[in-house]
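You will see two complexes here that share chain A, one where it goes with chain B and one where it goes with chain C.
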Partner chain A sequence: MRKKPFHAFPYLLLLPAILMMLAVNLTPILQGLYMSLLKLNQYTLNQFLDAPFIGLDNYRRILFEGHSPIRAGLGFALRNTLLYTLVVSIAAIVIGLAVAVLLNRDFPAKGVARTLLLLPWIVPSYVVGSLWGFMWQRDVGIVNVVLVDYLHLLDEKPFWLLGANSFWAIVIPTVWRAWPVMMLLFLAALQAVPEDQYEAATLDGVSKWGQFWHITLPILKPVIVIQFMFQFIDNVYSYNIVSMMFGGGYPGEWADLLMPLLTRQSFSYWMFGQGAAVSFIMMTLMLIFVAVWMRSFKRSLANDE
Partner chain B sequence: MICSPKNIKKLSKPGKLKLFLLSLTLALTAPALQASELNIWVMATTEQQQSDMKELLRPYLAKNPSLRVNVTVLQWESAWTKITAAAASGQGPDLLELGTTWVAAISSMGALEQISDAQQASVGGAKAFFPAVWSSTHRYDEQKIYAIPWYAEARAAFYRTDVFKAAGINPRDAFANWGSFKQAMQKINGQVINGKKIAALGYPGKNDMSVVHNLAPWIWNAGGDLLSADKKKSTINSPEALQAINYYTSFAVEGLVPMASLEKDSAQIDTGFFNGQYAVIFTGPWILKPLSTPKSKGGQLESVTANNFSVAPYPAGLKGQQTFFAGSDLAIMKSSKNKEESWKLLSYLVSREAQVNYTKMSWMLPTRIDAAYDPSLMANLHYAEFVGQIKNGRHYPSISAWGPLESVYLKNIGSMFDIVAGVKGKYSNLAIKQALDATAKEANEVLAELQ
Partner chain C sequence: MNKRKQNLLLNALTWAVVLLSLLPIFWMVLSSLRSFGEITEGAQLSSEQALHWENYRDMWLNVDFLNYFLNSLIVCGWTTLFATMFATFAAYALARFRFRGSDTASIAITVTQVIPGMLFFLPLYMLYKNMGESWGIPMLNTYHGQIFLYVSLFTPASIWIMRGFFMSIPRELEDAAIIDGCSRFGAFVRIVLPISAPGIIATATFIFLLAWDELFFAWMLTSSAEVQTIPVGIRLFNGQFQHRYDLMMAAATVSTLPVLLAFFACQRFFIKGLAAGAVKG
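Entry: the complex of A and B
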């Protein structure tokens, strides 16, 4: 094979843009990293360059010192975030896919149905948080009114914003808001499925379920894989719903997530250095997750060629 | 047009020269004539803060036509983050509203301009303001003043006079002390008014930003405190504080406060009072506004509550009968390039005239004593009652680490209401004590970190 000649000039033209991009993206990361090595509080934040340098002490305290304030509740937040992320991501994808398959056929008012189903998605997440905050109210909230007064599914109105149920109080609205966009993406992807494959399968006597399992799903696999990753990252960084639904306070050990915890410990407890360290640990974990994910699904993303 | 290019061409040489000199003079003097511009950050205290501020500033701006004031309205929930960011970066407004518990912290960051003795004297000095709010203008352990109180809030009991009458209870006796208050609540609970069963008391539990403010007067009146005398240790688990919290939470456990109210916030409890759900709530002066505004303008004037309510002090505990006092101060940022203009505007906003006007907009309290007793405000009977009840106002200690300490209390005490509601183990004095011990431990860790 003949080696292509190397032209430096185009790269030279790109250089200022590359340098600018690096400066814009790297500066905050490096500043954050540096801040995580300082003792930053209300006295030192103003001139953080002069703040006492304490090396890896913030990391040591977060990872190994059981009674450090920043550690209070970290275990709960980690557990909740992981469960919340998995449940929300899987539920949004499954519901989105199911509705997309149902809508991917001709029926009257198809366009109207699709538009209406997209409505939850256009509601901003902080509005979703405060809206569902009202809906979950024990005495007058619509959820309990429907469950108890109309459907008689439960004998007594349960608390949704107190106690263990608060986990579902954040999961359900998040799924409610997330699945329509999944539906939209899957609908778009379904347009790419060649009709003749279904016709051939029907002639061979393959059931609808079999067609979904052996034709639709494999073709949609790259979209599902990439959407799962987006959902995962999005939900790990979820903040608005919890902060709006629980009045900016503390939702308790069942519904506290990593981002609200991080914001609280960093900005409310004024341990900015430790907050920066936790952010850095989170960012590193997410980078590892994305790297492993990309490696594992490299072939799926290439459409199983 | 005189100065159209065509006309300029027609001008004679001396004419052109004159025109040139005129434009040069204008260009050189323009900066001097240019209006000075002030940026001010305030919190959303009224429903239409932007237009209310415009109204409030109108008389001042009429006297200062060359001044432009840009008002930025911050939400209370996010204001702290924005203000600390401004204080840290030095990129902020000229004039700044600060929650009274924030002044010590922001001044510790070196972000605020000190207010001189002469400046203080020009607005009346310490003696012109309620002592409790004046204590928020400086750190408890130093004399330097960094802010001037602007408006205040205090808490009192608001009760339904018709319900008390129906139950045959004299409010004066009911609010006398803890024992009589509990008895009164037991008698009142379940009274039926206009076919509607009314709960004795309503208070928010967990999901409320005011969790600490709601408890503080009960703890103080039991002889307890939120912080030790040397301001170094949490005393939230002291026997007195424990006694107060047990007394306060017992109302919910005994069914005198509906359990469902424990997941509501203060605003929802206020609304419940307007709707006739509760006979008594403890809240601030802001509810006077909806209660004196007609329904057509979004108020509650025609409601049964608006026609049958009165104000009482907190029932006295063994060690006192105090109430919670807080509010907002105004400060000038060190980074301001218009400190003189900023001070003039600040002086106006804390003047008697502006405070009276602002109270009529927000029904928050004036911080100036002469403004608080202004006849035009005292004409509102309920306001007069309220002001009469809050003489024993107490503010949190003005330490620079108050914010974090309050956050620890907010998180942990909020969580304690899971126990009160019965969704996290069984309610007992021991369970509350353990929750408060954990709170004190976390608070002490944070205090040690920030000393």
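Entry: the complex of A and C
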């Protein structure tokens, strides 16, 4: 192989981005790793370099002991986050795909429909949280007015922000905001599908469903694989909607998610060492998920190139 | 069922989906124009209700919304400018050159997206706190503390969007310019940047939407109203005036407007850019 001459240009171009990422990502990660090995609480916080070094004790406490404030509720938050992430990601992809197929035809004002559908995604998520928090109110909320007063589907007005209902109260707004962009991405991928494939299939007598399963889905597979991963990542770190909907307080054991729990507990109990340890456990699980996911779908992603 | 009928049915279904998905936004705007009494009396709608525009005046007066609004504009404006610039540079380097470390840089950018800075808010908070206390560089409670953080948070995803754009521009254009006596940098600035303007606008819009939506760090890194942005203001408002839904929805509507305007202004580039950049992943 011929040795390339050194060019500074690409390095100079990359430099600002890399420096910023090092400052705000790598430094806190390394510092966090060190913090997770310290007994860091409200007493030792100010001189954190002098805080007692306790090795893996924070990890042991979180994983095997039930007494720490952060550990309390971690089980619920973990279960909720996993369920929430799965439900939201799958729903956003399925609805996005269905509507993309519906939109991938010729009809009047096609562009207007596409633009309008994207609007829920443009609405900031903190607004989504306050708006739906208002809509879910038992007495004054529009959801109960429609369900009970207008449609008579329910006999009495349920509390949406309490108990098991509150899980759906956070899922539905998140899906409402997440699917439009999935729709957009699927639509873009669908428009790249060569028309003659469908024509040939129609001539061979393949049904619409058969065409969807055997032509459309395989072509969309790489997009689905990648977008599921990004949806998964996004929703694991979900914060704004839940936090606005419940005013930053404790949302109850059905709607508490990991990030709200972690911030709440860290700043009310000042358990920074344990908080850092929880962050590292989350990071490890996330990296394992992404590695396994990418490895299992390596082949279908490679086809995309 | 004949083809024509089937098409009409599908069109109706499409528009039904559109209307259904817009209902919450419609409800937000409508509620912002209803009086406090109308909202608390059980949300029944009637056609005789007057539009209460005074909610919009009261909202600005009650919570000093203008302050939060201007802070958001300042923080998001600078963030958008710097993040777009850095992402454009980095994306061009990754799209056009193979160099020692280019794979490592790509992997680092991808990993940063998988482990968002959010997870390390505690060390970051400590870092910011220490910079102020020990080194005399105040980062908590400042504009630049927020801007610095957001630029680095939103750069990685923006790099992928921009890279898609640069890859779609034929390399021959620059080669021709270089043969004509342009430097590498000159070719980038004079040939590539003007052609990729739609991509840059799309990326900038994307960054602006993300920055406008940032609540998590804004909540943690700021405690004085002088530098707090809209999401923090609305959240504080939420706690103080729990039941003034009329004012809350007015504030929600006003804070949606800038991103909506940005979206409509750049829509043409934005939808295309998002689709082109994100599909390849």
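The working rule: the second predicted complex is superposed on the first by the 278 of 305 C-alpha atoms of A that agree within 3 Å, B and C clash if a C-alpha of one lies under 4 Å from a C-alpha of the other, contacts with A are read in each partner's own complex, and residues count from 1 in each chain.
Keep in mind that, in the parts below, a residue touches a chain if its C-beta (ideal position, glycine included) is under 8 Å from a C-beta of that chain, and two chains touch if they have at least 3 such contacts.
Here the structure is a predicted model, which is why all the values come from computation and not from measurement.
Q: Does the chain A-based superposition show chain B and chain C clashing or fitting?
A: Aligned through their shared chain, the two binders clash on chain A.
Q: Contact-wise, after the overlay, does A:I288 reach chain B, chain C, both or neither (first, second, both, neither)?
A: Neither chain B nor chain C is touched by A:I288.
Q: By the touch definition at the top of the document, which applies to A:A200: first (chain B), second (chain C), both, or neither?
A: neither
Q: Mind working out whether A:E253 is in touch with chain B, chain C, both or neither, as first, second, both or neither?
A: first
Q: Between chain B and chain C, pick out the one touching the greater number of residues of chain A.
A: Higher number of touched chain A residues: C.
Q: With the two structures laid over each other on chain A, which partner does A:L185 touch: chain B (first), chain C (second), both, or neither?
A: second
Q: Check whether A:D139 is in contact with chain B, with chain C, with both or with neither, and answer first, second, both or neither.
A: both
Q: Counting only touches as set out at the top, which of chain B and chain C does A:A164 meet: first, second, both, neither?
A: Only chain B is touched by A:A164; chain C is not.
Q: With the two structures laid over each other on chain A, which partner does A:L63 touch: chain B (first), chain C (second), both, or neither?
A: neither
Q: What stretch of chain C clashes with chain B when the complexes are fitted on chain A: 58-66, 76-84, 202-210 or 256-264?
A: After superposing on chain A, the stretch of chain C hitting chain B is 58-66.
Q: Using the superposition on chain A as set up above, list the residues of chain A that contact both chain B and chain C.
A: In chain A, residues 48, 137, 139, 247-248, 267 are touched by chain B and also by chain C.
Q: Provide the residue numbers of chain B that touch chain A in the complex, in ascending order.
A: Chain B residues touching chain A: 77, 80-81, 84, 87-88, 90, 105, 108-111, 205-209, 211, 258-260, 262-265, 400-401, 403-404, 407-408, 410-412, 414-415, 417-418, 421, 423-424, 441-442, 445-446, 449-450.
Q: For the complex, which residues does chain C have touching chain A?
A: 7, 10-11, 13-15, 17-18, 21-22, 24-25, 27-28, 31, 39-40, 42-44, 85-87, 89-90, 92-94, 96-99, 101-102, 105, 108-109, 111-124, 126-127, 148-149, 151-153, 155-156, 159, 184-185, 209, 212-213, 215-216, 220, 230-231, 234-235, 238-239, 242, 245, 248-249, 252, 255-256, 259-260, 263, 267, 271, 274-276, 278-281
Q: Quick check on the complex: what are the chain A residues that touch chain C?
A: 4, 7, 9-11, 13-14, 16-18, 20-21, 23-25, 27-29, 31-32, 35, 48, 99, 102-103, 105, 107-108, 113-120, 122-127, 130-132, 134-135, 137, 139-142, 145, 149, 173, 176, 180-181, 184-185, 187-189, 222-223, 226-227, 230, 233, 237, 239-240, 243-244, 247-248, 259, 263, 266-267, 272, 275-276, 279, 282-283, 286-287, 290, 301, 304
Q: Please give the residue numbers of chain A that touch chain B in the complex, ascending.
A: 41-43, 45-48, 67-69, 72-73, 133, 137-139, 157, 159-165, 245-253, 264, 267-271
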